[in-house]
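Report on one structure; see the data block that follows.
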């Protein structure tokens, strides 16, 4: 059981899908509870894995490999395992999904399908984080595409079709680039090993790229091109300017629960892929392009923040804030320091919770007020004090207030970028200082938004709005508590991550 | 007990948590929860202080985060400085808690108020106890959050909401500098612990340029938090918060955190002469400009706010001129008398039905004896009259400015001291002497620039007729307070704190009085290498007294006696007056220089995002579709066209084979 | 070797099928021309399945008849695809025919059987004449089938377009063939192939023209751009099951002969045509996908989709000289995948468009509410066509992609994958209609006939199984003796 | 002896004429006839190669017979469809049959 734990975890939601399919769609409450139970079981499984995860041990854990199928000499394996990088994200996925299922209890339209797609999505996301075979990774990566397309397309807002298609085609393009790159990597590694070895294993691939039998094959140009292609593929998902434009559309139109998952987990797949594949397999190229990545990170931070500042729709404000926050991830990984790398991973996790909470709050407020336009809101602290309070807390977490998880990641990322070696990023200090402006801008747009929505005189039409329902407390308290726990005592996360981070960074020699 | 110093912040935290979860059931009783929490904290603080004076010390840390080989720890530590600060914070916080019991009792959200106060006390005490500068920063930000929450406590007032945002954002600018400074410092020293940082500084591990940069960045944090020029603009606006909050946060404790920060990082600053100069000049300029603005303000709280800025400038000036003890000593005394003044102001405001304009007051001496007397003590203390607390500390600051050798700084300090005495007594005389000018008109100065836009609060309130229960700070006090028109003394909940603070304002100065042997100095500098502390000679004390006396006399002549017309200076130099009334137009300048362009850039980028970045994406989509559509035009239903296309296609293929490949000739 | 020495038993499946087709024809005569005849449909399916079993059995004795007719692994797989395909088309047709009484059912089935026969002969042929005969049996049957709704204006218009353009294409093929014959003196592909390098050296212009004429003709049959113009019109006008037939059976059989001709005839001179094929593949993928984006008619959309898919299938042909058997494996795997997903999709389309009375895309509106099973199955088919993972289409495409990269056709591989992403758009617009649009007010729950749901189920199962465990099929391919002639 | 190139040229010319007819004539019967013309040009080719080609043998003539047969079948089907079309549309003008397009 222990060694197949990950497999159980990944495919458990599919069992849930089968169970849900057997329930008549009229039994809405049964379906809802079942979905919650299934995701809860996944959450418990992931926590058991978390508990059994050995700290301070380098390398993979819970790893298994099984031959899957082959096309000619191409052997495809079912190879999974986790390390300190994927472990937190795995738990993040189950938590955010479980809470988003709680958050979606207010959905009344086509309930059965909703949970089927959510659970399929859960399998895809978990699979992405455990897959160690590139082909498998790609499969799971793509598997997340369709459920999200449906979640946006069926339960979305006015422009749902545009948004869902844009999401599908845009991120589909990213996946296509990723696939091409994987194939290129495969062939180059094959060639580099003098046609003696074929592998899709990320682990083996990293070894081959580090120490090929035939170094002439893997020239700097080839590796550089591969790295850039990987970067673009994941940049679309993360998203990185200028590949970000699908995100606001998708977020604004998606239903609350889907937004939570989209911002909470799906974007993280981009960052995860970048670290796992880009930095894990091609550390030298990552170092070579570190400056570019750092600059893009800064652009993301500033650009996202500036756009968030002028949004008129609360949800798109949060969406742009996601773009801004993902810049921190880029900044952290580009620094090639343990702190920066850890900051990036912290940011992935922390933003997962915070953005999910923000989207949930926006969704809850929209559900009551029927508007997301900032200028039409106001005085919510008066009409729905609990919701407004959590909204404010979420905004503060997003601002990066110490004691909440966002601060830790920002701190680490900044320590990273300022500590970046001169040989990797020449103008690290300048980049860091510009990025710091983003902190002010973040505070500006979020506080301004809070001033205009939760503060101010209460609007006539918002009198008597119902405040938070008991079921809504689950995601609100859950997400905020997690953010606080990580913010107050980040050690629980850092002792899981640290060894892996040291491994990644040590590949470039410090 | 010193091992249990962690209890000091924990009591308010528990109070906060209790009020957060059960506050709505406690209502007014919430106040007692808060008071109890702070009371316990205060008791523990006193015990800790005595043990500390006895020489005990204690540090406790746990691992907070690990990355690579580095570990950051968190914990608590008791040093002389923070032992002193613990007393100041818990004491002021306690009296403010007590004061608020009466001041806020009509507010339906009193439990929320007390929970915020609890959170603030927790954060401020955590800040003080921090054993490393990162932990300090963490609590530094948390007190900022509490300030935001408390300034915006009456969030339904647009001005309060705006002020809260402004307070948070402006200090955030400084905080970013501080954060960067810490980050660079960490990368240089590998630690956030004070000890290791100072060791690195002493051993010259950091080069001078970087050291100066770090010091200045850290100082940026202090500038923001302690409302120093040019980031002082938030503090006057923060007066939108309830008055007890102003007393606690925006006079006694949080705003002093910047000074405290410079204090705890003092060895770092000492190592960089450039940084010290910048610190000194910032302090001096702030002290002076804030004082000039305080001269003309007519809102009682704003006068006090500018006075606070000015006094904080004094402290910074002292630190910048090597007067380590002088600055921190003034921090302590100021905490007491400024809290006293604010609470006194609160008492007055409460009594005059929530008017804040001093032109609507007057003649309160006889009506509110305790308030008036304590207010007078506070005013005397801040003016620096012997033997009150302010005298001792201000004298030391002047000494430090003088002995630093920069005559300019000394001159500014002296002029500012004069202005301090003047504007405080202007305030005192206008408020407590003469005829009571309130009662018969509602808000005569609503459009007066002196009250400025924030005075429009009562206009905004008209939009919210439903806020009757919450917006008690603005409603006619008839049914609320039980006193209709004539102001009268408030209950013991309000006067007791005044008396406590007044006593302290009288005696606090003696802890470092020369004739008692500079006890505080001996306590504070133990184990620290902060250089010899400057002490003035006797003539300086007399000069200081004379200046204070001059200021008081001028105020007396103008506002009590009427010997000089009140608008004497205003009419002589209307331009200057207007400039001061409008606070040097700094707010407008900031809006024009920073806010508007940022928003404009944001708009521009947004347009660009929609039209170019996303435009290209959509264009690719559309053009693909357009290509498809144009291709499909070929399918016109005519089979002969189809044939023709195929044949032409075939010919093209032949041509391709012939020409491009070139194989076939 | 004379004709009488030959091992005629190799032709058993064809002979049996011909006999059975005639039997069906005869029974039809005897039962009167009008009316519903479900038993004939069943009989036809049985015939095809019997033939398929025979095909499978005869494979153990691979060989050839006088360089004219070969039985080898390659032929077997194609024949199985054809037979299963036609069987599924018939199953789809049964319900369709009951709704369209103008169609004479007996004739319809027997002609379908004859077309299957033609396709089988075609893929087994090793001789230009056999090849031509097979091709024409298939083509002429197809002309008839397209025009089967003879009182229907679209159907007859489609038929006349098809017959004229198809005839012209045949003429092109023949004209090209005539030179091959003339310059080698043989119609045997093996002989031609052996002589080919010398021919190209001696008569390069003539051979080029000959090759390209044949390419134009074959290109027409497999509808590659720019010889694809007929396809959308004919697909749209034809009875829907026939559209399925054309887009699957006819096309795959066409690929069969293209491969035969390429492998046997032109492989020695691959340098001359590989680039042309690659360019045609690229153009086909681009144009097919681009036009498909704009389509609102399901059948027409599927026609362009089919064109695009033909482009994908051309890629391994361009990679053939480098990849050899692997290329064939790719083509066959993708053919099987294509057969299943396309026929599955057409099964749904047939039912839905017939029920709605229009083949507009909007007829799919709210299908999920009307028949969840069909909608989900259709989604799987479309996802597979789009090439998303865990479906046969993905594995097929991935293989082709691998092949293309291995063969240094990276640019083609990139076009292919980008065009796959473009195809998301129109495949998912079906899905959008099914799941995200409310059904029209008067649309009731859809009754799914057994035959049709059988087709859908089989197609669905195969699509998913091949997507998850492609080795079911791939392992068979590795054991095959592809070509008996070499 | 007449060189084979003449036959081939004749065939080519016939093929082109046929093709031209297919592509330009508006009368469907003539279009069908033009296809026959193209097929017949193939026949000329085959017969010429069969008789005086570099590798003259009988296969070409056999091929020709098949082509003729198939052409007949094709013409039959074509005409049948043409009649059906005429019944439906009352016209056998090529350019009027464009219901199916775009």
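For reference, chains read A, B, C and D in written order, and residue numbers begin at 1 within each chain.
The rule is short, and it goes like this: a residue touches a chain if its C-beta (ideal position, glycine included) is under 8 Å from a C-beta of that chain, and two chains touch if they have at least 3 such contacts.
As the structure is a prediction and not an experimental result, all values here were calculated from the model.
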Which contact partners do subunit B and subunit C have in common?
A, D
Comparing A-C with B-D, the one with more C-beta contacts is A-C
Relative to subunit C, the most remote chain by C-alpha centroid is chain B
Taking the mean of the C-alpha atoms as each chain's centre, how many Å separate subunit A from subunit C?
43
Averaging only over C-alpha atoms, locate the centres of subunit B and subunit D and give their separation in whole Å.
96
Measuring from the mean C-alpha position of subunit A to the mean C-alpha position of subunit D, what distance in angstrom results?
65
Rounded to the nearest Å, the gap between Cα centres of subunit A and subunit B is 37
Which subunit C residues sit where two or more other chains touch them?
160-161, 164, 168, 232-233, 422
Subunit B residues counted as touching two or more neighbouring chains
632, 635, 637, 639, 643, 647
Provide the list of subunit A residues touching at least two other chains, using ranges where the numbers run on.
169
Which chain pairs touch, all of them
A-B, A-C, B-C, B-D, C-D
In the complex, subunit C residues that touch subunit A:
326, 329, 368, 383, 388-390, 395, 398-399, 401-402, 405-406, 413-414, 417-418, 420-422, 424-425, 428-429, 431-432, 435-436, 469-471, 474, 478
Which part of subunit A faces subunit B closely enough to touch in the complex?
166, 169-170, 241-242, 244-246, 303, 306-307, 309-311, 337-339, 342, 379, 381-382, 396, 401-403, 407-408, 411-412, 414-415, 418-419, 429, 432-433, 436-437, 439-441, 443-444, 447-448, 450-451, 454-458, 463, 489-491, 494-495, 498, 501-502, 505
Subunit B contacts subunit D in the complex at 632-633, 635-640, 643-644, 647
Subunit D residues touching subunit B in their complex are 19, 22-24, 94-95, 97-102
Subunit A residues touching subunit C in their complex are 69-72, 74, 113, 138-139, 142-143, 145-146, 149-150, 153-154, 160-161, 164-165, 168-169, 172-173, 176, 179-180, 183-184, 187
